[in-house]
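What follows is a pair of complexes built around chain A, which joins chain B in one and chain C in the other.
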Partner chain A sequence: MQRRDRQLGLLYAAPLTLFLVLSFLAPILLVAGFSTMPAKVFDLAHMPDFSAYGEFLRQGYWKSVAWSLGMALVATLILFVICWPLAYGMAKVFKRFTLVLTIGVVMTLFVSENIRLFGWVLTLMKGGLIEGYMRHWFGTGFDGLLYNVPSIVFGLVYVYLPFMLFPLAQGIAMVPDDARQAAYDLGATRWQILREIELPLAAPGILVGSLLCFVLSAGAIAESKLLGGQAVIVIADEVETAFTYGQNWPLGAALAMVLIAIVGGLAIWGIGRADLDRMIGRKG
Partner chain B sequence: MKPSAFTRAALLVYGIAILAFLYLPLVSVGFASVSKGRYLSFPIRRYATGWYGEAMASDTVRDLLFVSLKVAGIVTVLSVVIGFFGALAFARYNWRFRKTYQKLILLPIFFPQTVLGLALLMWFNAIGVIPSWKTAIIAHMVWIAPIATLIISIRAYSFDPALEEAARDMGAGTWTTLREVTIPLLMPGIVSAGLFAFLLSWGNFPLSLFTTGADSTLPEWLYAKMVSGYSPLVPTVGILTVAASATLLAVGLTVPWVLKLVKRKTAA
Partner chain C sequence: MSDTTPILRINALTKTFNEFTALHAIDLKVHDGEFLAIVGPSGSGKTTLIRLLVGMDEPSDGSIWLRDQRIDEMPANKRPTCMVFQSLALFPHMTVGQNIEFPLKLRKVAPEDRKARALELLDLLRLPQDYYSKRIDQCSGGERQRVALARALAFDPEILFFDEPLSALDYRLRKALEKELKDLHARTGKTFIYITHSLEEAMVMSDRIAIMRAGRFEQIAPAEEIYARPVSRFVAEFMGEVNLFPIRAGQAEGVTLSPAAASAFGGATGTLMVRPESLQFLEGEEHAELTFAGRIEAEYMLGSRVQYTVTLEGGQTLIAEVLRENAMPGGPGTPVRLGCAAAACHLIAEA
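Moving on, here comes the complex of A and B:
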């Protein structure tokens, strides 16, 4: 039985593994190769040249990286605060409403994010849903709410809400009711229960949710383009420009590698910590 | 310490508020889709449904629809097949590199899609493949096959290995066991994975953007129109794509339920 398990496991894992090696790991290695290519050569056979990374520092591209990471961090923190009570309700309080919420939130994932962000443009712009009706009813309008940094963060919070909500709910479901009851009986306040019992025991869910939101926000592009106008240029936007308009592949590859290194490093660190059998299978 | 009635009510209101927040932009798009004017401004003065007729009659929209359906359909079939075996390796069998494998699968989900799309574009270029809707299938699958695997895994964890062993003890081969025991047991997971795969591919934008070449999917066309040269068809086509996914989801959710009812009736 043991040997059979081992053989079948390896056999069944092979198609997906092979597919990901060929169309996920290989392209990333290729980008790494391009990033050390001298400008305007378009050939991988050459001496490694790190001038594109020098340009990253000299031309101030690090500012885009800083903006992306900063906005991703703020969005993740806001999402954690917004989602915690709701995730708590889903895991411990609601009964049938949990299903309604789950379907309702998952549904939004199936609508292209650019349609939803476009909806926010229509809602928040001057002459949009909010401003238009305010002017109509009260006679005074205001300038649109768009095209600044807070509106980009708003867009990130909006788009990535499900990615925080579901892991958090999963994490909170892992907190045994007995532990909370025991703490309460021993005289712990609500705040103490939250800090000493719920947060540490729900940590795997918090870790996965925060990591997903941070990583996806850091590489996001549509929010800043549609809601942010040109308020700030995010790193994913710089990468795209370098490849398409700029035709500077080494630069684009170097910028992408910086983002991949930060995001990939965080993801590997976080995934390495999570016990997947326990989180997904709810065992133990 | 059961939550008080007040906490319960407050959380319920909060949940409804979050749902309203999630759907508000779609309400705006809905309003915009029935506005008569060529240039949109709220409050809408005259309503018209003419844009829907125009969208239905448009050749461009039909071509886009066809490409989107083709990509989503093939992505669904391939992802579910790969994901089915992937999930058995993920959850069911104990083998040597299982932990590493589990982590490898999660990586594409934790990866910015725009960058992934660009990296794939360079990769296709390097190996001499011209981007078209076919390469978009590969790109979507890098993200969707792992998700399908995870969804089927959830089901595979609750799977009793004794059932497979019993079938084998009674003389069933690997293939028969798979067909008669494993697949029926994992069916609910397979159906949800298929639904997710189709809808996520249908709505995906960042991966399609760089990998479809000269072809274009619905979300790509919408984005192009939003960024340059607004067309009154944008909200209309947007609402139509949303309605299509909502219908599919509704069918996907009710069909198993109806089947169960019918089964119970015929059994009784």
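Moving on, here comes the complex of A and C:
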């Protein structure tokens, strides 16, 4: 019986599996193929040539990767710190208000990311909402708040907030109230409950939220372009440039492969550790 | 019980939820080393009381004293009391050992000492030593029960509270654990306060029983006393199947009293309690101090005993339980007379 269930399961999963392989794996293989193409040849049938990867090291593209990963890490940490209390409230305290908050956060996703970021540009730029009013009221202005690293991180935090908030709320909802109360009864302080009970039991939610935010932030481009100007060049920007202005497809593909390898490796490692079954409530 | 200061004293403790009063100014004294069971039907306020005692909730009024110290303002994590939850509330992400060591870890006890204590407790609770590194979800219900107990004992509380910890277990395991718990109480010498809605469970384990009803204590006394002399109809009925007859000016409808019995009750008004097992079938014209006449309605085998439902001539129902060898042949419809001694009955003042 169990064997048959298994076989049937595999059969049902087959079309989707095929689709995923074609739509997910195939492009990656294609990019991998391009990345080993000799420069300016445009031919997939050739001897593999890894000079594009050498370029990555020589030309200092690793700096862009470092910036991307660094800012993604900082944004993820900030998001975690901001979202934990909010998610805690959603899962445990707000009750009816949770729905309002959910709708509010989800609604922002209905407006394109670029438009929302432009909103911030208008707010933060010199002569924009903040600086303009400051000058109007106090007579002196300043340089505007745009075009630096913190404003990029701010943009990342702003755009990816829902991706941290909801998994985290889900994770916190998995912490049984009685475990929290038992720890308190056994003498744990608020802080010890957080460290010993809540963080470990909410770990799957934390992991999923952090992975989503980190992966999305690491590949983000709009925040750095719109809010960061030329402050730093992120890796996604380099990839775009290589494919468009640079017309150097192997380089663009190689850069993309590096990013995919780092982010993909991280995601696989993370998901391997998260107990997703428990998260969707199939056990425990 | 001695006259020394009680380990726990509750004065006029009240708890209200919005409009609803869950506890009505209750008083209680618990002696050091005692096993007190709090029994009551669902919704009578047992959990509410225990939550106030361990500090998980704040009383609306009244005070709680631990020896000479007032503790009702003290948060739960500072109180030297500990509770075994109905759900056990074991930490699923920790091993058995880590669960037991948790309170010690909070107190910064060195890891070797923690482990030594945990192993000791495993021993005390008759769990094999290799359970130390087992995961909680690999333990059976009874084993989890023991782990929860070990964790609470590791905390070394002044008073250990239990909120129906056995209610989720099957009958046989529950019976075994009841005895073990009583045994554990004797060996540790700690004060146990145990909530249950099963009077049977309370009888097996406790020194004293407090019967709770709608946010008040109806009676607090040793088991024998509650069994023999319940103070109210509620307690009498809670103790199991009993026959209750209203008695007015020494006369009870449906019961024929001998002159001796009539004078024994001395024109009392209240409720007469007759236990099913105090009744005997009477032969011929024989009379007892209390005599009942009626017809057998139904009979049930209860192993060594037989239980009868008898409809009395006045229409009331009487339940009687006799040993199998004293059973009445004939079955339903048979007219019967039953009797019992006045001393075996109890007069409840409440009508």
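To be clear about the criterion, the second predicted complex is superposed on the first by the 267 of 284 C-alpha atoms of A that agree within 3 Å, B and C clash if a C-alpha of one lies under 4 Å from a C-alpha of the other, contacts with A are read in each partner's own complex, and residues count from 1 in each chain.
We adopt the following convention: a residue touches a chain if its C-beta (ideal position, glycine included) is under 8 Å from a C-beta of that chain, and two chains touch if they have at least 3 such contacts.
Just so we're clear, the structure is a prediction, and the values are computed from it rather than from any experiment.
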Once the structures are superposed on A, label A:Gln192 by its partner contacts, choosing first (chain B), second (chain C), both or neither.
second
Per the contact definition in the header, classify A:Met107: touching chain B only (first), chain C only (second), both, or neither.
first
What is the contact status of A:Pro200 with respect to chain B (first) and chain C (second): first, second, both, or neither?
second
Between chain B (first) and chain C (second), which, if any, makes contact with A:Gln247: first, second, both or neither?
neither
In the superposed arrangement, does A:Glu131 touch chain B (first), chain C (second), both or neither?
first
On chain A, which partner touches more residues: chain B or chain C?
B
A:Pro176 contacts which: chain B (first), chain C (second), both, neither?
second
Examine A:Tyr184 and indicate which partner it touches, taking first as chain B and second as chain C; both and neither are also allowed.
both
By the touch definition above, which chain A residues appear in both interfaces, chain B in one complex and chain C in the other?
181, 184
Note: in the complex, chain B contacts chain A through residues 1, 3, 7-8, 11-12, 14-15, 18-19, 21-29, 31-32, 40-43, 82-83, 85-86, 88-98, 101-116, 118-123, 126, 138-139, 141-142, 145-146, 149-150, 153-154, 157-158, 165, 174, 199-200, 202-206, 218-219, 222-223, 226-227, 234-235, 238, 241-242, 245-246, 249, 253
Residue positions on chain C within touch of chain A in the complex are 54-56, 75-78, 82-83, 85, 87, 89-93, 102-103, 105-107, 137, 151-152, 155
The residues of chain A that touch chain B in their complex are 1-2, 5-13, 15-17, 19-20, 23-24, 26-28, 30-31, 34, 82, 85-86, 88-90, 92-94, 97, 101, 103-105, 107-123, 127-129, 131-133, 136, 158, 161, 180-181, 184, 211-212, 215-216, 218-222, 225-226, 236, 239-240, 243, 249, 252-253, 256, 259-260, 263-264, 267-268, 270-272, 276-277, 280-283
Per the touch rule above, chain A residues touching chain C in the complex are 176, 178-179, 181-189, 192, 196-197, 200-201, 284
